[in-house]
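What follows is a structure written as structure tokens; I'll ask about it next.
Chains: A, B and C, in written order; residue numbering restarts at 1 for each.
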């Protein structure tokens, strides 16, 4: 796992290369916490490989007596998972890309541009984070309905059972804007000055300097957005009726209802719904702390 | 180079510079404004409209702020319900957020250092966040099972008898006191054990998410600071308190704000873990759960919307106070 | 003079004749039309897994064989709560489907928006309804539950996925302790206690009874003890009488002597199957799950009626479960098509077919004669045991506010089994709250 050529090593460098007591203590803490944190996940995966009776045994066995990978095939065949996955991937990727774009643009404006009403607008954006979605569920549902007059006298959007109903409302998120704004605020002003003196406009500055410096933030926001979309449940359920457009979480919830004591199948389904995200994270987390070194900026 | 260096922040005469920059700003903001406006703000206004009426399945009589006053003081059923759920929600926040942040900050700091296997650690810590609450709930029901849960076995070793965990409505302070023979007055009983378990599950779930954000924040701190400090002979702890913490403060502030809002608003976790009922004797009925019950069990949309807006105001107030109190101490470097 | 008298007499005769032939109160003509062309209707439901498969098979058969050009599309909308949420939203948006699966309390709420069709005229229609014989064949309890006193006693929904509360018994344990299936409550308590086993340290290793904190089982027990749930005028609750109190007191005693425990999720099913539990109360819809467990690791189990206070077996009573289907107002053709579908579903053969594949109860008595059901019962005798008890099942109240009252009952039971309140104190608080809710909800 070689790191990119970076002049300054990431992370706080150790003073010596001999393992110190401090290092061992750190590992102990990390391992203990890791065990506690990972136990439920471990439980989920091992249960998915047990047979019916062993999966519901109490107290549960630590490791399956025999491995039953066919649980996965059985769980997969019980519902149109392939379709669900295609829907979910399409929606999540679209939302993530589009949301990052709008977030960066908006965050840049908030962080680095002066204009009247900035404070109020930011507060209004933040306010959208505070309104519980249960309150706006019905109005949003009505907005998507094919009704001709329910939207303050106007025809509504009529987007039931589509992809756009799951994508468009999430193209902007105050959360991502807030996150990127915090990062953009820490970009040193000297960089901005240098760019301006080079004749670069805001867009160019954003694209060539600010964004590359904010890769950890982008990846963070991207991961969180993607996961949020992957886990979307209540909204897709209410605005879709047919399996053609439904995402995996709706499928998983329906699965939970019918699983009853087929615990092993429910765990198998839960595992394969979660697996892509875990893989994605495994890949992405390297870049989280691997920014581009800021060489030659000061001094 | 002229000796007179014009500081970058000095603006040329306002009349000429501001409009262009303002126009650019609004162009940048346009997509966000449109989307948030149509899909968040407009429905919110519609919901507010609903909150002004008696809306019992269908729109009824105009009530002005009648729904609001019902929740705040006027009704003999709704007002106590509201204040109770508000208190539950706040207790939930107080128990969850500080602990969450402290834990994830420390872990992020540890994980930021070069060490073997940190990629694996980070992935493990992220797992709870990706495990959907549906799956997690099933597991936690087992782990905290009143009769044969793992946790009961563990605390049994510590000499504590089996507990009902998610089904336990009694307050933890009252339980602790009664175990040593004291009785506490009702209001000191503390959060129910069920609520504490909920807190723990929430911390478990969001740990990785917050670690990830802190890691990104840590990576934003330029190494030169550390180099310079080391040259000056600073110790590890001083590095942490004098450099890391202050320079991390934008991130910490962000996490604190977002975590608080998140917990104040949380619904999915509470709903799934209490099977939607509000927990043992309603001791885990947060305001969001009460909104859900009002709107989607009683079909009282006007009252439900009113309650949701009351909650929004509470969150807004809380956040504004945070911005005031904590925002000042944030270093933007 | 004679002419006048004659005219008067004639008039009187004519008038008398006319009045005796006066047409019966004009039925809604909507119910008597015939379909003129193909119709498509949508059914929203909350079934998943094997039940959904069973429903889909019935729908397909109807679409293929109805000969009237009716096409039904059945769509799952999540669980009952989500279905309810969605239907409420659809009412706001003016985008309702033609039919929806619904609990009685949901229908009461939907009717507040006046969107539900009165099925009475359809049932009685000479053209499209059921014959008297057919009507009487449907269990009376199923009519009762779908008749809404607060809306003028109209029939606003039709039985669809019905079941009932029964007692599940692990026969192996009973055989071991040498006791029969209890018939009275005292016997029940004693048998549960006898079945309880503790190990050396006092930890319970085998339980007698799994407490169910769901309000429906409380209601079932009140019925079985001879009580009523609501006062005759539906303005106050009646479960706070001596029967309800007796339930709480029994829970209290069983909690204290360790013969009862609180299960989580579905573990009472596996506990019974693995010989760790002697009794639990549940819906007949739990049968397929128990059968599954028995297939994997055989054990002997059966279904019986709840213990009863009444000595006369004909007076036995338990609670009816399950949901119904409501038709929403749209066009006369769509409404008729919807009715024809649910009528078809409830006919003898279809009801038997659906029951055998979905494990719900048939809605009429003659379904027992169908070979499909007989074959099913040969394989799963517990199905027949459940069927024989349908006649004893009574509906729960269907007034508005009932959902909240269920929460109140749930809290009341929780208070007792967590030792927070004594039975009478818990009962008193719950009664006050429940009556207040009823008042508010009207």
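Going forward, contacts are C-beta pairs under 8 Å (C-beta built on N, C-alpha and C of every residue); 3 or more make two chains touch, one makes a residue touch a chain.
This is a predicted model, so every value here is computed, not measured.
Common neighbours of chain A and chain C under the contact definition above: B. The pair with more inter-chain C-beta contacts, choosing from A-B and B-C, is A-B. As a whole-number value, the distance joining the C-alpha centres of chain A and chain C reads 43 Å.
Once the centre of each chain is set as its mean CA position, chain A and chain B turn out to be 17 Å apart. Separating the centre of chain B from that of chain C, both taken as means of CA atoms, is a distance of 41 Å. Residue positions of chain A touching 2 or more other chains: 58, 137-138, 142, 253.
Chain B has residues 138, 145, 147, 296, 301 in contact with two or more other chains. Among the residues of chain C, those touching two or more other chains are numbered 85, 88, 92, 267.
The residues of chain B lying in touch with chain C in their complex are 56-58, 76-77, 138, 141, 145-147, 164, 166-170, 276-278, 280-282, 293, 296-299, 301.
Chain C meets chain B in the complex at residues 81, 84-85, 88, 91-92, 109-110, 112-114, 204, 261-262, 264-265, 267, 401, 403-404, 407, 410-411, 414-415, 418, 420, 433, 436-437, 440-441.
Residue ranges of chain A in contact with chain B, taken from their complex: 1, 8-14, 23, 26-27, 29-30, 33-34, 36-41, 43-44, 58-60, 101-103, 105-106, 108-109, 113-116, 118, 121, 124-140, 142-143, 152, 168-169, 171-172, 174-175, 177-179, 182-183, 185-186, 188-190, 192-193, 196, 202, 216-217, 219-220, 223-224, 227, 231, 233, 249, 252-253, 256, 263, 266-267, 270, 273-274, 277-278, 281-282, 285-286, 288-291, 294, 298. Put simply, chain B touches chain A in their complex at residues 8-9, 11, 18, 21-22, 24-26, 28-29, 31-36, 38-44, 46-47, 50, 107, 110-115, 119, 121-132, 134-136, 138-140, 142-143, 145, 147-148, 150, 153, 204, 207-209, 212-213, 215-216, 218-220, 222-224, 226, 239, 250-251, 253-254, 257-258, 261, 264-265, 267-268, 287-288, 291-292, 295-296, 301, 304-305, 308-309, 311-312, 315-316, 319, 332-333. Residue ranges on chain C touching chain A, taken from their complex, read 42, 44, 48-52, 75-79, 82, 85-86, 88-90, 92-95, 266-267, 269-270, 274, 289, 292-293, 296-297.
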